[in-house]
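Paired with chain B in one complex and with chain C in the other, chain A is shared by the two complexes that follow.
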Partner chain A sequence: MTEHDDRPTARGELTGFHVVDPELYSEYRGRVVRMSNSHQVNINEFLPDAVRQRAMTDAEIAAELNLDIRDVTEIRVVAEHDEYPIEEYEASARFKDAAAESYRNGGVKNLYKGDPPPSRNPAEI
Partner chain B sequence: MDEQTADELEATTLALKQLGLNSGATVVGVAAASAFNEYVPEGHRPSDFMPGAKSVVVAGSLGPSNAAWQSPNRRLMEITGYDFRENVASLVMAEHIETVHGYQAMQAPALPTSGQHPPMSMMLAAVLAGLGTRSIAANIILHPTYGLLYYAAAITTMPLVPDHQLEDNVCPARSCVKMYELEGKTPCMAVCPADDGGCIDATIDDGEITSSYFNRERCSTRAMNFGIRGHIKQVELLTAADDIDEAKAVLYSDDFRRNLSSVGRYKESVAQCFECMRVCPVGRYRRKLK
Partner chain C sequence: MTEEEPDWQTVKSELLEGVLKRGAMVARVGDPDLLADVAPGQRPSDLLPQVKSMIVLGGSAPRVGEWNSPRAEVLETVGTSDRMAAIGSALARQIEERLGYYAMNVPTSTDQDDKPFLDFTAAAVAAGAGSPSLAGPVLHPEHGFVYLTVILTSLPLPFDGPIEQPACPAPSCVEMYDQRGVTPCTDVCNIDDGGCLGGQIQDGLVIGRRYDANRCRDRVYHYWVPGYQAVLEKVLSEPDVERRKMMLYGSYFTRTMWSITYSNVSQGQCFECMRVCPVGAENRMLK
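On to the complex of A and B.
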C-alpha cells in the first residue's frame, strides 16, 4: 500500500474507464469463469431442481470472493475474450466450411464430426 | 383503466398476440412477470426494469428462410441469418399497450450490456411463455413446430392471460434418442462435440435429458466468428506487430474488413454458425420445398 493508493490510477481507472489489475485477474480468472455463465452446466429448465443449476451474477461472485463488483465484472469480461486465442476463430471458419460441405454432400447421414480440419485448402488436409 | 372480466382479458390477450403476428412475429406468447423469479436472480427479472411489471409478451421469428438453410454457401447464412422482426413486433405491441390500454410497456433489455451478459434472458422468456424448451444444441430454445426461433419481448404493467410452459421437452427428438442409444451422441453433439473441439455435451436417459453442457465461449468463436470479439483479437495482433508491413497485412486483410463490417452492422455480428441446428430434426421437415 502506498499513500497514493486512493488515486484513480491505483484502482486501474485509466482514461476514465475501469480496468482490472493484471495480478488480480490472474489470481481470480479461473474461479470467476467457473462461477459465471461461460461454461453452462445443467441449466435446462426441465431438469429436476436437485440437478438444475444457474450461473452466479457478478454481485454474487463479488460477495463470494470478497471482491469489488467492478473487478469481478472486468475479470469476467476479459476472461470471456481470453478463453480462446485468435487461432480458434480461424479454426471456427474452417469447421463451418467443412460442416456445411459435408451436410451439402450427404445430409445428416454424412455429418462432419470433431476437430476443424487443419487447413482451408483441401489439398493440405 | 377498467377492470376486465376474465373473458375480456382473454380477448385482449388474443388481440395483442394477433397484433404481434401481424407485425412480423412467427409466434407470440405471454409469461407472467413473476414466473422469472424461480429461475433468475434479482437484477435479471422483469420487475427490476419495470417496478410493478405483470406480464412479459414474447415474440419469436424465424430468421433465415427455409431455403437459406440449404444454400451450398454457408456464408450466406453468416450475413443473413438474423433479422429484427421479433424486435419490431415486440415494440409494436409495447406501443399498442401504452396508447390503447394506458399501461406501461417497454422492450425488454436483451442485448448484452456487460461482456456477453444481457440484462434479461429472452431464451428464458420464451420458455416461460410456452414457446419452446431448451435443447442440447447450445441450449437453444426449440419451438415444437419451427425449431430455432429468435426472441424479443415487451415488459408491461398490464395484466394478460399467461401461457403455460410446454409440458413436454421438445429436445431430444425421437430420432436423436435412437442415435444416442446407438452412438452415444445426438446429431448436434456429433457435429459439435465438447470433447473434440466443439461446444456441446449431454446425457440422455429414458428419452430425457439428464445432464447438459455448453461451452459458450467456444460457440462464440463460431456463432460470432466475425464481430467485436474477432476485431479485438486482431487489434491484439496489431499491438504486437513489429513493423508497418506486418501491421498492414492485418489491417488490410479480408478478415479485418469482415470483422469491421460485422461490428458496423449488428445483423451480421451474430448467428454466424448453424451447424448444430442444421442437423436438428425439429422443424426440419418444414424446410423441404420445391
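On to the complex of A and C.
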C-alpha cells in the first residue's frame, strides 16, 4: 500500500478467495454493472467535465450501495463474464467471418469513395 | 561541486530515437498529472509515486497481409502486444541502469480486480501517441491502430502533450456519417444491432459514444479466458459423464486451450472495427 492508495481494504483481503453470495449477486448485478466500466457512455478522458461520465470504482460503488467492496468487486467481475452466454461466442465467430468477407469484397478503398462495406444484420449472418 | 543539470531534451531525444530503432513506431512523452481525474488506482502516481513523466510507445500492429487475409482466424491469432512490452522493458532498464532514475514498464496484464493497472488510453492521449476513437482503441493519425506500452519514470523529461488534431473521426467517416448515420466501425459492429459500438458525430466531433465492453471482451478474448470459463460452467453443470468428455475434448475447448497456452499471440482476437477504420488505412494496403 502506498500513501496514494486510497482503497479501503488491504491487498490480502481483496485478493483472497472471497465468494459472493449468489442472492446478493442477483440483487445487485444490474446496478453494479451500470455503475462500472461495462456499458460506457461518454467515458472518454478529456471530454468536457459536463459531458464526461467516468465509471465508478469498486470502492465508490460500495459506498454508494452500502456494500462490502469485496462483494462489489466479485459482483462486477462475475457479471462481466456472465452477461453473455456461450452462444455469444458462436455468434462472435459468425460476425468476424462476415466482417472479414465484407472487407475482402470492399476494403478500405470503398471508404474513400464514400461507399463503405455493407452493413451486417446479425439476423442475416 | 554541484552536478551539472543534464540537457533533458537531449536525453529525451536519445531515448526515443533508441526505441524507434528497436521497432517502436510512435514514441512520445506525456505529463502524468494530466491523468489526475482517471479512476483512483489507475493513475501513474498510484504505481510509481516518484513519477515525473510517462513515455508512451506504440507499434507492432498486424502486418498488411494479416489485415487483408480473407480468414478472420488469421487476425485472431496475431496479437503482438508483447513486442511493445519487450521494447518498454528494455527502455526501463536503460533508464535505471544508465541514468539512475526510477523506471517502470507498466504491466499490460490485469490487476487484482480484473482491471488494467493503468488507464492506458488516457496515458496515450496525454502524451499525444494518438487520440481516442469512436471504436475504442487509441488511433495514431499516421499509423492508426497500434499496440501501446507505457514507461513511468522519475526522469523529468520535456512533455510532448496531446495532439492538436484528433485522428478520429476521419474526414471520410464524417462524410459517411452525414450520408448514412453510421461510420465504418459503428456500421460493422453496431451496438444496436448485436455489436459493441455506437455514437454520433456532430460538427466533426464524436459525441454520445456508447460501448458494450462485455460483448467486446467476448469477441476480443473469444478463444481465451472468458470462453474457457464459459465452457467450464457448462461442463461442471453437465450430469452426463460422456457429454462432459465431448465438451472437454471438443474443438472449441481444444482451440481455447491452445490459445491460452500461446498467451499473448492469441489475445487480440477481434480487429473488425479496426480493419475498416480509414485512419492509417494506407498502411494496410500493398500491391
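One rule holds in what follows: the second predicted complex is superposed on the first by the 90 of 125 C-alpha atoms of A that agree within 3 Å, B and C clash if a C-alpha of one lies under 4 Å from a C-alpha of the other, contacts with A are read in each partner's own complex, and residues count from 1 in each chain.
Methods note: a contact is a pair of C-beta atoms (placed from the backbone, for glycine too) under 8 Å apart; a residue touches a chain by one contact, two chains touch by 3 or more.
Not measured: the values here are computed from a predicted model.
Residue contacts after overlaying the shared chain place A:R54 against chain B and chain C alike. By the touch criterion defined above, A:A63 reaches neither chain B nor chain C.
Once chain A of one complex is fitted onto chain A of the other, the partner contacts of A:A100 extend to both chain B and chain C. Here chain B and chain C are compared by how many residues of chain A each touches, and C touches more.
In the superposition on chain A, A:S38 contacts both chain B and chain C. By the touch criterion stated above, A:V77 is placed in contact with chain B and with chain C alike. Contacts of chain A with chain B, set against its contacts with chain C after fitting on chain A, overlap at residues 37-46, 51, 54, 57-59, 73, 76-77, 80-81, 83-86, 88-89, 91-93, 95-97, 99-100, 103-104, 108, 111-112, 114, 116. Across the interface of their complex, chain A is touched by residues 35, 37-41, 43, 45-46, 49, 68-72, 75-76, 112-115, 119, 121-122, 125, 132, 162, 172-173, 175-176, 179-180, 182, 184, 187-190, 193-195, 206-215, 217-219, 222, 226-227, 229-231, 233-234, 252, 270, 272, 275-278, 281, 284-285 of chain C. Listing the residues of chain A that touch chain C in their complex gives 2-7, 11, 14-15, 33, 37-46, 51, 54-55, 57-59, 73, 76-77, 80-81, 83-86, 88-89, 91-93, 95-97, 99-104, 107-109, 111-112, 114, 116-117, 119-122. Against chain B, the residues of chain A that register as touching in their complex are 37-47, 51, 54, 56-60, 73, 76-77, 80-81, 83-86, 88-89, 91-93, 95-97, 99-100, 103-104, 108, 111-116. Within the complex formed with chain A, the residues of chain B that make contact are 39-41, 43-44, 72-74, 78, 114-117, 124, 127, 133-134, 139, 165, 169, 187, 190-191, 193, 196-198, 208-218, 220-222, 225, 229-230, 232-234, 236-237, 272-273, 275, 278-279, 281.
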